[in-house]
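Note that subunit A is present in both complexes that follow, paired respectively with subunit B and with subunit C.
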Partner chain A sequence: MASFGRFLAKRVLQGLVVIFGVITVLFLLRYITPGSPVDFIAPLDASQATRERIADSLGLNEPLYVQYADYVVSLLQGDMGYSYRSGTAVRPRVFAKLPATLELAVVATFVAIAISIPLGVVSATRRHTVPDYVATLFSLLGISTPNFWLGVMLVVVLAVQFGFFPTSSRPVGLLDALGNLVVIAGPERGWALPLRVDPFLSDMQNWLLHIVLPAITLGTYFTALITRLTRSGMLDQLGRGYVRAARAKGLPETLVRYRHALRNTLIPVITVVGLQLGTLIGGAVITEAVFDWPGLGSLVIDAINNRDWPLIQGCLVVIGAGFVIVNIVVDALYAKLNPQVMD
Partner chain B sequence: MERRKFLTLAGTAAGAAALAGCTGGDDTPTDTEGGGDTATDTATDEPTATERPEPETREGYLQRANLVLHEEAPWIFLNRQYSVYGKSTDVNWQARRDELIRAYDIEPAGSKSTVRITQSQMDSGLDPQDHRETPTDNIVRQAYEGLLSRDREGRVTNQLATGYERVEDGQVRFELRSGVSFHSGDSFTKEDAAFSINRIVQPDVGGLESPQSDQLAGVTGAEPADGDSAVIVNSDGLNPIVFALFATYGPIMNKSWVENNDSAYINSHMDGTGPFMLDSYEQDVEVVFESYDDYYLDAAPADALTIQSAAEASTRVNQLRNGETDVIVNVPPQNISQIQNSGNAEISAVPSTRIIYNAMIYNQEPFDSPEFRRAMNHAVDLESIVSDVLSGFAGQTGQPTLEGFVGYNEDVDPYPYDVEEAERLVEESGYAGAEITLHTPVGRYLKDLEIAQAVVGYIDELENVSAEVQQRDFGNLAGELLDGDLSTSPSFYLIGWGNATFDASQTLIPLLTSDGALTSYSNERVDELINQAQSMGGQN
Partner chain C sequence: MPLLDDLLGVLLRGLSGVLSPRTIRNLRSELRSSVLAKIGIVLIVVVLLMATFAPLVAPWNPTSQNTSEAREPPLGFSRVENQTTQQTVDGEVQIINEQVQVNATAAHPLGTDGLGRDMLSRVIYGARTSLLVGLLGTMLAMVIGVPVGLVSGYYKGRVDDTLMRIADVSLAFPSLVLAIALVGLFGQASVPVPDPFVTFGVAEVIRGAMSLPGGLTYPTGMPETFTLPGTVIVVVGVVNWVWFARVARGEALGVREEEYVKAAKSIGGSDGFIIRRHVLPNSLTPILVLGTIQVAAIVLLESALSFLGFSGTTLSWGFDIAQGRQYQTTAWWIAAMPGLAIVFTVIGINLVGDWLRDALDPGIEGEGGGV
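Let's turn to the complex of A and B:
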């Protein structure tokens, strides 16, 4: 137990070093990026005096190390600075976007799992048969289809052509939608299931309808990896001695496959899925842009288009921190499951 | 023959072009029907512009400057951008020339009563005097109005002023509308008008160093008039375009509301006089307005208005096709047919106030030769660029000033596509065999890279010139152009220029005079013509 605590502390320390590195690299990046932010804020015909005033008000005339120290110190105090474009505080804007991004990442992960684990199992258990080839082909297609193309195609066909789904945006968040569900199913309504209370339920429906297409788009990309991992893990497990023993004692094949082999296969799969979640938080930029999903990705694209560096840095620091946290949690879980890794 | 025609027209010019700017009322100061300073010939004919008699009006001087610039060809004159919108068939609305969407003009059809607009990005805060960008203007200008305004074509109209006149050089007077109230219920007064103007042009007024001070260039301050409901606006010397400036810029705010609230509040609330008042504001997501019941004109046709954004053009197009929004901005050429064929949406396109051009630095080889510069204009098949690269949604230009602007010269046509003439002129210039590189930003203007590639393709087809494109980061390119030193600029670059004042001077002065902020050219005759024009006020 003591060694687990030490292991965790070590991981957290390493994580802090990584986040500090992220902050530093981001800060340096803005100085090797060509073009002054002033040229993006000031119109082309702005006078030199206007430019100077803008540069001054943004603190761009201070030496680099002073700007860096200021930034790190204020970050430690929880202050992410002020947007160049609008002058508003960065932190509330970034955290306001976090729920949308998390929702999408989690739902997309569920989509990926729901598609890929059955596919992996099928192709492992029916190796070299038609279902195996179909599953392999499908996962190959999944990984080679660009996100933005799949997203646009889904919108054109399922939303515009057939009208099954809205094309884009997120008019209501999951928390609000759930909140409304709780309100109507709360004690004052006798905990009745709110199935027919339309004005409230429509929030939840609305949220679901809007998240389906982006979640499929984002999730598909990860199905290939998980399918392959499941397939090879499953094949590995099916060749093990305990499977032969289980079969020998007459256990039904279904039980052998799903109760025993699949369970053991899932340990590395869960690790990878956990790590993918971190990638999804930062990697949803294109999907968010295609679906106008108001998350960190959309915010960071807008910020980049405006060379709004404090906002870019704020978004990326949060994304980096999310990645580090997910990694620490996955490491900790894995260490619990398999204490050997703590050495 | 040409000369006689000119002389007869010159007589009428003074009368016809008597700029209504001096008297105001419902007149249209940007009226261009005069076209008096007629120089009907093209560059190759005689007499040349310099031999013609001097113009007599401000507009005449500007037109003459445009003629000289056409002949001297400091640019490859490319396309006038169009503003291309998509709109649902459920609303009646036509696009405006000045890139603004006025939701007051959008009429929902049938039982529909709300309107939704999707633009490419959201506002940078709701203070109407603390930004300089179209997306923010499109939001705040639904609630805030100026003293003057413009109609769809760009002609000056009254808004909070009911009349305007030039009192003397450096002083103009606006008569103010009575019975106007802000959304908060406060009455609109001459003190509000003066305060709003001063908050823009004077850094110590209203707790804001407004980035819009350049937009009201020359204006030094404003004061309430004695007695009447009017405001006096002072300029540093004669300000020939002061009415054009106030028709485009200078949103009016409520003095006491501004003074009683802090910047964060002013940036997230609104208190204007316009037809829509703020209902709710969610930064980066959407702004919701409701119709202002006490508006001094008819209430807006729509009861409610929502403005949202989607950065991706295809996302906006799909929203429109699926009926999720009513008006979308910036439809790229490749998506136009999708909308035209959708059955429930259509395109509304209008020439904008933005011109795309290739500057050729006048003192760098080989562009120091007017023959070479003219050759470049003849080498480019502008008509094909407009029809193929821009799907026909653009105009051809042959002078720096756009049609419909004060100072536009109606008798100047775009350079004809003529490869032989181009090659001959290159020989004549002595720069045969020149190798040139066109610097272009990517994604800053509609199809900028594609236009640059087409231009270079045409020039490269000449037997005696070779050309290539260099892609540039816009900020980096702009930095080189704006440092006030021509020798650090690339000698040949593509850039765009928007001029919302509908007056030639605001294109010519910054871009083509010796001291312009973004100039690539210097010519004594042009400087002189523009100085003449700018020394003449409303009355000619």
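Let's turn to the complex of A and C:
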């Protein structure tokens, strides 16, 4: 246990170094990209004096290291600056968009894991049967299909042609939808079943209906990828000596497959999932663009198009930090499953 | 497919300077037993030929507009359109609303887009953009990533720690997000490259001698230049270097412990010499396999960038899908056709990647981000 704590502490420390690197890169990026922020703030006919004043107020006339120190210190205080475009504070804007992206990413991940691991196991244990061929074909298609195109096609077929789902947007967040449940069946009315079910149901239904297509769009690549990895990992493990030994001493096949082989298969699967988290976030960005999903992705694309640097930096710091944090969690999980890595 | 087998045999023998005889034997035997690998090679060859000879095989100029033929459906489909016409009957103006069926024509087998441009020709020209960005971007990523990885793995210790933390920082930015930021901020510079087939008049001659189905002649006047999205190529290379660095490092870590490296060191070989002469050649197999997978990843990345409007060219599959979204209620094929082209291309590359992986067993499962 002590060694797990040490391992975790080391990973957290490395993570902090990476986040610091992310911040530094973002700071430098702003200085190597063409164009001065003043150009985007000052009116076109602004005089030289006005431009100077704006540059001064942004601290642009300070030496680079002073600007860098200012930037790092204010970030540590939780201050992400103010948008060039709207003049509003960046941090609340970024965090207001976070739930939408998290909902999408979490739903897609859970659905992907729930489908892909059983599919991979079935595919490996019933090799060369119809289910195996179907799973293999599906996973090949899944990793080869651009998710934004899949999204557009899902909209064309399921939303436009059949009208099963709305084409875009997210009228209600999960927390608000759940909040209504508490209002209806909260402590003051006793926690019994709500008498008036409608608002909750319609909010939840609304949320669910709107998230189905984006979640499929985002999750398909991962479902396919994890199915492939589970299948090949499982095939590899089932051919190993320890599996034969377990079978030879008479353990039930289910136990051999799920307790022994699957557990060892999951180790590389977890590594890859951790490595591919960046892809998940990138996928969320483009999925949001397809479905007008009001998350971080839409915000960052707007910010880039407007060259709204404080907003760009705010979004990317949060994305980078999120990636690092989730990776530490993945590594911790990994160390639990495979204690060898802690050495 | 014995012909395919023979052709590949020749190709693989040509690579014998780089690959060991055992490697080539593994590749051939794996290919013989795998139908999927053959399908993958055929798909890639088709797309490569399409891209290379686009001015010869595309039925129409992909940029020439003809609004009277806009939104024609692909073969086998039809579309119903509400049409309002004015007619003067007995000195009275009558407005007639009627539904007209628009049928597919053989001249545009994949239909036409919102401006009446031929989808098939656009798909064929789009292959050029995708493959050029995919290949050049992968090469750039390799040129940046492999030396970093080899040095990191060869020296180990502090050098390795520093370089790998830099790699971690790079990984913390999702490649699509970083690519959008870089293209968006540095601008979308593109380079017009003269099309050799058109410049030297080959296209005119060959097209003049062919005819289209339906008795039409093959129109001449193909685009004289091809737009190379320069910023995008640089950005996708810069964004994906880290995968090559990781794989090259892993290999170098193993190779540096080999006896022949120790021997080279003991007779006074310099580090630079050992890395070039011993570490690099012995790390090549997984790097090549990763390179294949990366082409697929970069093709997907390019299409995503074009889809979001961060490209430098308007002849790209991703761009057309974005255009097609405007017509998602009336003309689904505008978005569908370029997407299918992407899927076929990427399936082809992935199948070849699987073939190489199964034959060479480089142990790099899961490296190389997708979109």
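We take it that the second predicted complex is superposed on the first by the 257 of 343 C-alpha atoms of A that agree within 3 Å, B and C clash if a C-alpha of one lies under 4 Å from a C-alpha of the other, contacts with A are read in each partner's own complex, and residues count from 1 in each chain.
The rule is simple: contacts are C-beta pairs under 8 Å (C-beta built on N, C-alpha and C of every residue); 3 or more make two chains touch, one makes a residue touch a chain.
Predicted model, so just to flag it, every value in this text is computed and none were measured.
Engineer: Have a look at where A:301 lands relative to subunit B and subunit C in the superposition and call it first, second, both or neither.
Structural biologist: A:301 contacts both subunit B and subunit C.
Engineer: Quick one: is A:86 in contact with subunit B, with subunit C, with both, or with neither? Answer first, second, both or neither.
Structural biologist: first
Engineer: Which partner chains sit in contact with A:135 here, subunit B, subunit C, both or neither? Use first/second/both/neither.
Structural biologist: It touches nothing on subunit B or subunit C.
Engineer: Which of the two partners, first being subunit B and second being subunit C, lies in contact with A:43: first, second, both, or neither?
Structural biologist: First partner only, subunit B.
Engineer: Tell me the contact category for A:281 with respect to subunit B and subunit C: first, second, both or neither.
Structural biologist: It touches subunit C, and subunit B stays clear.
Engineer: Go through the superposed model and pick first if A:169 touches only subunit B, second if only subunit C, both, or neither.
Structural biologist: The first partner, subunit B, only.
Engineer: Using the touch definition from the top, say if A:319 reaches subunit B (first), subunit C (second), both or neither.
Structural biologist: A:319 sits against subunit C, while subunit B stays out of touch.
Engineer: So, A:268: does it touch subunit B (first), subunit C (second), both, or neither?
Structural biologist: second
Engineer: Touching A:292 in the superposition: subunit B (first), subunit C (second), both, neither?
Structural biologist: first
Engineer: Taking the stated contact definition, name every residue in subunit A that is touched by subunit B in one complex and by subunit C in the other, in rising order.
Structural biologist: 34, 152, 155-156, 160, 289, 301, 305, 307
Engineer: Tell me, which parts of subunit B touch subunit A in their complex?
Structural biologist: 121-125, 130, 132, 209, 211, 213-214, 263-264, 267, 283-285, 308-312, 314-315, 318-319, 321-322, 324, 473-476, 478-479, 482, 484, 497, 510, 517-518
Engineer: Of all residues in subunit A, which touch subunit B in the complex?
Structural biologist: 34-37, 39-48, 50-51, 53-54, 57, 83, 85-88, 93, 96-97, 152, 155-156, 159-160, 163, 166-169, 289-292, 294, 298-299, 301-302, 305-307
Engineer: Quick check: in the complex, which residue numbers of subunit A touch subunit C?
Structural biologist: For this pair, the touching residues of subunit A are 14, 17-19, 21-22, 25, 29, 33-34, 140-141, 143-149, 152-153, 155-156, 160, 221, 225, 229, 232, 268, 271-272, 275-276, 278-283, 285-286, 289, 297, 300-301, 304-305, 307, 312, 316, 319-320, 323-324.
Engineer: Which part of subunit C faces subunit A closely enough to touch in the complex?
Structural biologist: 165-166, 168-169, 171-177, 180-181, 184-187, 296, 300, 303-304, 307-308, 318, 321, 324-325, 328-329, 332, 335-336, 338-339, 342-343, 346-347, 350-351, 365-367, 369-371
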